[in-house]
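Chain lettering (A, B, C, D and E) follows the sequence in which the chains are written, and residue indices restart at 1 in each chain.
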Amino acid sequence: MSVNTMILFIPLLPLLGFTLIALTQRRITRGTAAWVGCTTVFVSFIFSIILFVKLLNGAEPFTASFFTWISAGNFKSDFSLLVDPLSSLMLLIITGVGFLIHVYSVGYMWEDEGVNRFFSYLNLFVFFMLMLVMGSNYLLMYVGWEGVGLCSYLLIGFWFKNQSYNDAANKAFIMNRVGDLGLILGVILIFINFGSISYAEVFPKVTEGSTALTLITILLFVGAMGKSAQIPLYTWLPDAMAGPTPVSALIHAATMVTAGVYMVARNNILYSLSPVSMELVLIIGLATALFAATIALAQNDIKKVLAYSTVSQLGLMFVALGVGAYASGIFHMATHAFFKALLFLGAGSVIHALHHEQDIRQMGGLKKYIPVTFFTFLIGVLAISGIPPFAGFFSKDDILAKAFEHNQVAWAIAALASLLTSFYMFRLLFLTFYGKTRASEHTLHHVHESPASMTLPLIVLAVLSTIGGLMGVPELFGGGNWIAKFTAPVFARSHKLLPEHQLSHSTEYILMGLIITFTLVVIGMAYRRYISQAHVPASEGATLSPLHKTIYHKYYVDEIYNAIIVKPLYAIGKLFDIVIEKSGIDRLVNLVSESLNDWSVLSARLQTGHVGFYIFIMVIGVVLVVAYSFFR
Amino acid sequence: MWLIRFLDNMLTVALIIVPIAAAVLIMALSRQVAKNIALFATLAELVISLVALYQFNSAMGTQYVFTKSWISSLGIAFSVGMDGISLLLVLLTTVLMPGIILSTFNDNSKPASFYSLMLLMQGALVGVFVAQDGFLFYLFWEIALIPIYFICLNWGGENRGKITLKFFIYTLTGSLLMLVALIFLYSKTPGTHTFALSALYEAGRSLDLPHQTFVFACMFLAFAIKMPVFPLHTWQPDTYTVAPVQGTLLLSAIMLKMGVYGVIRWLIPMVPLAVKEWGMTALILSVIGIIYASCIAIVQKDFKRLIAYSSIAHVGLISAGTLTLTTIGLQGAMIQMISHGVVVFGLFYIVEIVFARTQTREIGRLGGIRNVAPALSTSFFIILLSSVALPFTSGFVGEFLLINSLVQYQLWVGGIAGLTIILGAVYMFRTFQKTMSGETNTLTSQITDLATHEKLVLYPIVLLILLLGVFPKPLLDISATAVNNLLSIYSDLSASVK
Amino acid sequence: MIPIDNYIWLSTVLFSIGVLGVLYRRNAIIIFACIELMLNAVNLLMVSFSNTLNDSRGQVFVFFIMAVAAAEVAVGLAILVMMYRKTKSVDIDILNRLKG
Amino acid sequence: MNALYVICGIGIFALLAEIFSLKKWISYVALLGLAAAAALIIADWRSISYYFHGMMYFDRVALAFSGLILVVSFFWYWMSSDFFKGDEHVADKSSLTFFVVAGAIMMVAFNNMAILFLGIEILSISLYVLAGSNKQNLFSTEASFKYFLMGSFATGFLLFGIALVYGATGSFNITVISNNTTPVLSSAAIGTQGIPRFYFIGMLLMMVGLAFKISAVPFHQWAPDVYDGAPTPISSFMLTVVKIAAFSAFIKIFAVCFYRYQPTLQMLEQGLMVLTLVVANVAAVAQTSVKRMLAFSGVSQVGYLLLAFSSDGAKSAGVVFYYLAAYSAATLLAFTVIKIVESATGDSSVDKFRGLFKSNPLVAVAMAIALFSLAGIPPLAGFFGKYLVFTLALSNGFLVLTVLAVITSLVGVYYYFKPLIAMTQGEGKILLVSVSDRYLLLILIAINLLMGIFPDIVRVI
Amino acid sequence: MTLYLFYFLSFVAILSALLVVFSKSPIHSILYLIITFFSIAGHYVLQNAQFLAAVHIIVYAGAIMVLFLYVIMLLNLNKETEPHKTSLAKIAAVICAGSMMVVLVASLKGASYLMAKPGGDIGLVKNLGKVLFDEFLLPFELSSILLLAAMVGVVMVGKQDQRTQILTNTPSTEANKIE
């Protein structure tokens, strides 16, 4: 099988899977659907590995062109796919984690009547995600970009009978669209300024002082804000938890939301050349990391906590990108994919066990009921909290170190965010698995460990979360920072451009020690509060302190958006419809005919019927006509 | 050989004659066979147009030309032919017409005259798109108005007399002004006055700016009303709502393309100076229309009205893109016209399907249709995706190219026009949610899924949407040469200025 | 010899008086009479032009005018009688049902 | 000229028929005679000549217009066979009708003021009577009375004008008149260059008289009332044949006889035109009776004709001819329908047309085509009429006036469509349509379509 | 001498014409009209149109005016109670007709260049006949059509139909209604 075919089949197989399942979903059994869904992704995964190995062995990036998609005037967009180190890594994550989540879904969704539909959506999602990362030009990336948004919409609203889920889906899609607009405008500006939209042609043309670079990068970043849930376009992500949990794991933790990171990394050269945008990315990243982390502190829905944690971690990735540490960002993205997927799937397992109970106030003491889940979940929590030697430690530390090089304040904020992360994650862990159980008798009676199809992915992911950090062990520990080297070709030009600090090893040790110490302290605090004191978050309706209340209500951002965007939009619509349209323009148009009628009645009144009057008019006419002879 | 060449030249004529002949035939026959003959005629038309497509040489300009002097004393000839732009729109017409006829197949109440009018309409529409003579163009333009008027008047809904009259007078106002402009140009043609397209181009280009402006104003008004462009659009939602579904389909899917086509063929190459001078104004009006109509669509409660406003928004984008006078804009307009035709056809048809089953178009009263009619809702969803310009659907290609051209024109104009990406999603997804998702209610729980003839109409549409989304290039290639030819005048113009 | 101007003025005045009568009165018969007066003014003008130009065609034309006047009066009075039969009046302002 | 003899002959035959009780034959003879007269016109097509010391002059224009009058009369007579049938006055009415046609031909082909005057009077006097021929109906009497009163009043002005022109030129022969007055009258040249001012006044007064006949605003007010009140066939007769005759006389006087003064009169004509277009079209909107609406529309058509005429004088004859032909075709068609509706329902208010499309498709289609044609929608005859008018006006540079005419024609659409809309709505009762009417409708529809699609066949001048 | 005669006849004509308009009784009006006609006939004689003067008297005074009188008698209209226009309408009528006269008179001046040509026998029957039956033969013949039409018309209008009894029933109430 040639490389080109393989490249084509990587995205095509999930698409085939989707088509197959979608067209026959009413006729095939759920087993068949699951089988098709998993197999296609798995084969893609195999192909991805093959390509990855080739790249690892020093092959040049592969580009495979298939046909011209759009061409108009001097605009041309080929359907051509690119596999280079960056996308290859992404492929592995997408197909690998995607496959695991497919497998997990077999167990998780087995009871659901729409399981066939579910698999078709998942496959479609994988297809679009692959398009996003494999597209060799901006437009194909945009295809994937929009496509994953669509799948996200479909999957969030998977249980479409529930209108609040649909609301969440709509919100996700529309908010994404805001970002998409930025992205597409950015793409168009790239085309206008560089005459092409193919990476291979654009990047060499980008030089210091290329026109509109700042604008382009900011617009692109707006896209990233939408997709990767950064301030101010992040509010959809927590709501997106309405979807089935595997979806949250796959789309809203591991893959889709990292598209923004991928995109910025892909365009690293553009960003490196526009310091303003870099700063913006950094600031937004920092703000989001901290902001989301604080919100997560007070959430009681197991998935919501994880969602805000995702937002926060994504912020951290953007911090990495914003300081020019692209490889670190990608590294963290990879590890995050492992442990966040793990956490979500673990949460899913808990939810599954408790019959769709998601409120941690109704949990507690579950570790003895569902030990596998507990154990893997614990690994996930340790990983995300940055406890060595779990994956999260390396990647997070990498970012913090790079941030410190760049700006100490940035480091401080990022560190604070990661400390908060440790706190709320352990809070989550303690409230869920430790202490006395708060679930009802009835629920407890049925609690059981999930089937193998669910626990197996958990275990695999746990393993990955444990050892995943090894791919980026810094030189400090004698590691080669393999990931940085592997992706170096992609970031080569940027690295040359950006100032190269090198922290001394001692500083790095100090920072690392500092963080670990603080993390342990924070964990201790969490332990004291939730285990020793057995504190349980206040139930719904209890009075809260103002600060707590604000955080609990997510700083009222949703309400603010509702007040300044959604309501005015509807008001404008109403205004246009009623005032301008109906009583303005249309009224004016009708007025023409009405006034015509009035005039007509008036002139018909001149037709009095009195012949004397007629003659009178006639004589006046004669007088005028004759008088005309004087003026001719 | 000789015969084949002759037949080749007659292709365009056949495209006009076949439906008209069928229309006359139908009048003479009984109502039972009418719909079958109509379907047959439209299918025959489709075959002819496909033959034309097959033999079309996209590197050349106008083909299948047929010219015969008609009213020689007035310099009017029956001159028809197709270049890429015409061919695309003819294809749109011929592809959609069988669908429109098919959509009546469960309805036996329509008399023969209905089908006759539909076919007449098709003949006239094709005529508009292929006319190479100013007078002929005007003639078909007007003739196209009559059947649709009667269709709406005879089989329309409540209050149809007043609304259709408004529609008629509105459009007639425009077209009469266009007539004045055409006559004006005619009187400026060199030598023996003639309505031949090239002569009119020549006459138009030789005018000074004030006169060109006059011509531009008259003709653009006609086209803008047809499209319709803000603020000349108020006839449209009412008419779409009141018209029977086939009328709405004709109006929205094909007829409003006449307006854009007019701008492309009869305005842009005709009065370049005025287009340069006033294009900006027209463009901004179009862009205002996009936002304006989108905002109104957001608050619409009537399903059909909502689609009508969305159509205004989309057409605003097309018109704005056209007026950028760039190849990308024009190509985008072409493909978007095709796409919009297909999409809006699908949307209105779905509205009708829902209406036929529930007797309501009020969005608030629907809901949960996905539960009972998955094929319907899935079709709707895919069509909707094209309407909101999701990549790999037909809507995306056009919309991207159009926004691209607008950004090239002015960044902020492009940005504002781009808002349609967001607003479109807002109202379309809201509609989908309100009508299709959720629990069923008493009204919607009895809905049956698509019947065979409905599938026959909708599935090809869905297929077309996806096909055009993934492989738009063949279509773009068809019109490429024609578009470049049209725009060459502008490069000449700027060259001469330099 | 009387200057032609005099006759022009005279017939103009007579013509105008005829018009005045038509405007002034409501009695259809008198209005007819005034129209006859107008025609006579024309006749007078015609004859005087004829005389001045020494051309007898003007006088011949007057014959035709007289014939027409006679015919008109006959028909007109018949119509008037018909109207009178229905409305019992010769008031022109009574007939105003056709209007608007 | 032979045609005129034939027409007069038939008129007299109709009178004699009553005496010799040949009443049944009248209609056949009449149709035959009209056809024969039309044929004679065609036979004369190549022989352009003067008759009787230059009293009549049949040139192409006159022949064409006479032919048109005869053809229209033919169809009109066919259409109004009911009007003549079974009436005790059939002979009188028929003969009067033919005298009208004779008068019309005289007005078309005159070459001497005497013929013009006599033609007008023959036509008018017959019409006064015909308008009042429905003696049971007060409206008819009123129409007749109004028409007579105002008609003879207007005749006074016409004659005054003729007298003044005669005084200035010493002749009634229009060839002489147009040749005699060599210097073009300028405003300063009162009497000094051999042209007295009263010559010009004469022209103006003649224009008044003829403007009355063609019913141009403000000399139009008789028209709606008379058309409305007169028996329906007579209304259509007046709207078609009489209008053709009056307007061709108007053209002949001002484009042939006074052609030197056309530029100075142009403004005046345009003033009349603007008034006519606006007042008539606007007033028509408020009408509820289709017949009366068409009466106003008949007045408004004069506006378009005046637009053509004032734009290009004598050269407009071809356009005017086509316009009148198209207009007559449409009007006859419309009036055939009105007659059918009226005879079934008693009057012609818009309501009476309800549901016609369902109950009587043929009738409704005929009406629709007639209205479309009148409104000037392609591809019907009326469209080409307007089209030619606009072309003529635009090629002479009258942009504003053309736009005005366009706007008023839109107003036209607004009222023409009222019956059309009524026809599509509600349920109508089924009307009886006689076989002859059916054929007539079909033929007239065909004519309307043919004239629209192949306008060249009618554009003989 | 002739000039004085002219002035006298003109005076009579205008005065009696005015009286036609302003006298209350229809009969008087008609009689004043006859006086006007006579004075016009006098003018004809002054203008060497002797034959025409005679015809004029015969046709107008002898036939037409008699017809008028006959109709007045027939309809029994010899009352002075006929409705009059409102004074506003009357003033308007006077102003209107007056302005027409002013305009006409003002614009008709300047005819005096027409010099009378020698001759004076054109008004004789012989000369008239030559013109009438030669050049004006066709109109002369056609005027027979005119008279025929008028005759037919009068008969048709005047004849009381059997069927005419009448849709619009009693005329007097009808008249009241119209009022």
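In this section, a contact is a pair of C-beta atoms (placed from the backbone, for glycine too) under 8 Å apart; a residue touches a chain by one contact, two chains touch by 3 or more.
The structure displayed is predicted, hence computed values, not measured ones.
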Touching chain B and chain E alike: which chains? A, D
Show which chains lie in contact with chain A and also with chain D. B, C, E
Path length in the contact graph (chain B to chain C, fewest steps): 2
Find me the chain with the mean Cα position closest to the mean of all the protein Cα atoms on display. B
Between A-E and C-D, which chain pair shares more contacting C-beta pairs? C-D
Chain A and chain B have mean C-alpha positions lying a whole-number Å distance apart equal to 38
When centres are defined as mean Cα positions, the distance from chain B to chain D in whole Å is 43
Using mean CA coordinates as chain centres, what's the chain A-chain C distance in Å? 98
Gap in Å, rounded to a whole number, between the CA centres of chain E and chain D: 29
Per-residue multi-chain contacts in chain B, two or more chains: 169
Numbers and ranges of chain A residues touching at least 2 other chains: 593, 604, 607, 609, 611-612, 615-616, 619-620, 622, 626, 629
Any chance you could list the residues of chain D touching two or more other chains? 114, 118, 121, 125, 128-129, 132, 135, 138, 144-146, 149, 153, 164, 167, 197-198, 200-201, 224-225, 286-287, 414
Which pairs of chains touch, using the document's own definition: A-B, A-C, A-D, A-E, B-D, C-D, C-E, D-E
Complex contact set, residues of chain A against chain D: 593, 596-597, 599-601, 603-604, 606-607, 609, 611, 613-615, 617-618, 620-622, 625-626, 628-629, 632
Chain D-touching residues of chain C, taken from the complex the two chains share: 4, 8, 11, 15, 18-19, 22, 28, 31-32, 35, 38-39, 41-42, 45-46, 49, 52-53, 55, 57-58, 60-61, 64-65, 68, 71-72, 75-76, 79-80, 82-83, 86-87, 92, 95, 97-100
Sort out for me which residues of chain C touch chain A in the complex. 19, 22-23, 26, 92-93, 95-100
Show which residues of chain D lie in contact with chain A when the two form their complex. 145-146, 149-150, 153-154, 157, 187, 197, 200-201, 204-205, 207-208, 212, 218-219, 221-222, 224-225, 264, 267-268, 271, 279, 282-287, 411, 414
Looking at the complex, which residues from chain D come into contact with chain C? 113-114, 117-118, 121, 125, 128-129, 132, 135, 138-139, 141-146, 148-149, 152-153, 155-156, 159-160, 162-164, 166-167, 170-172, 198, 224-226, 228-229, 286-287, 292
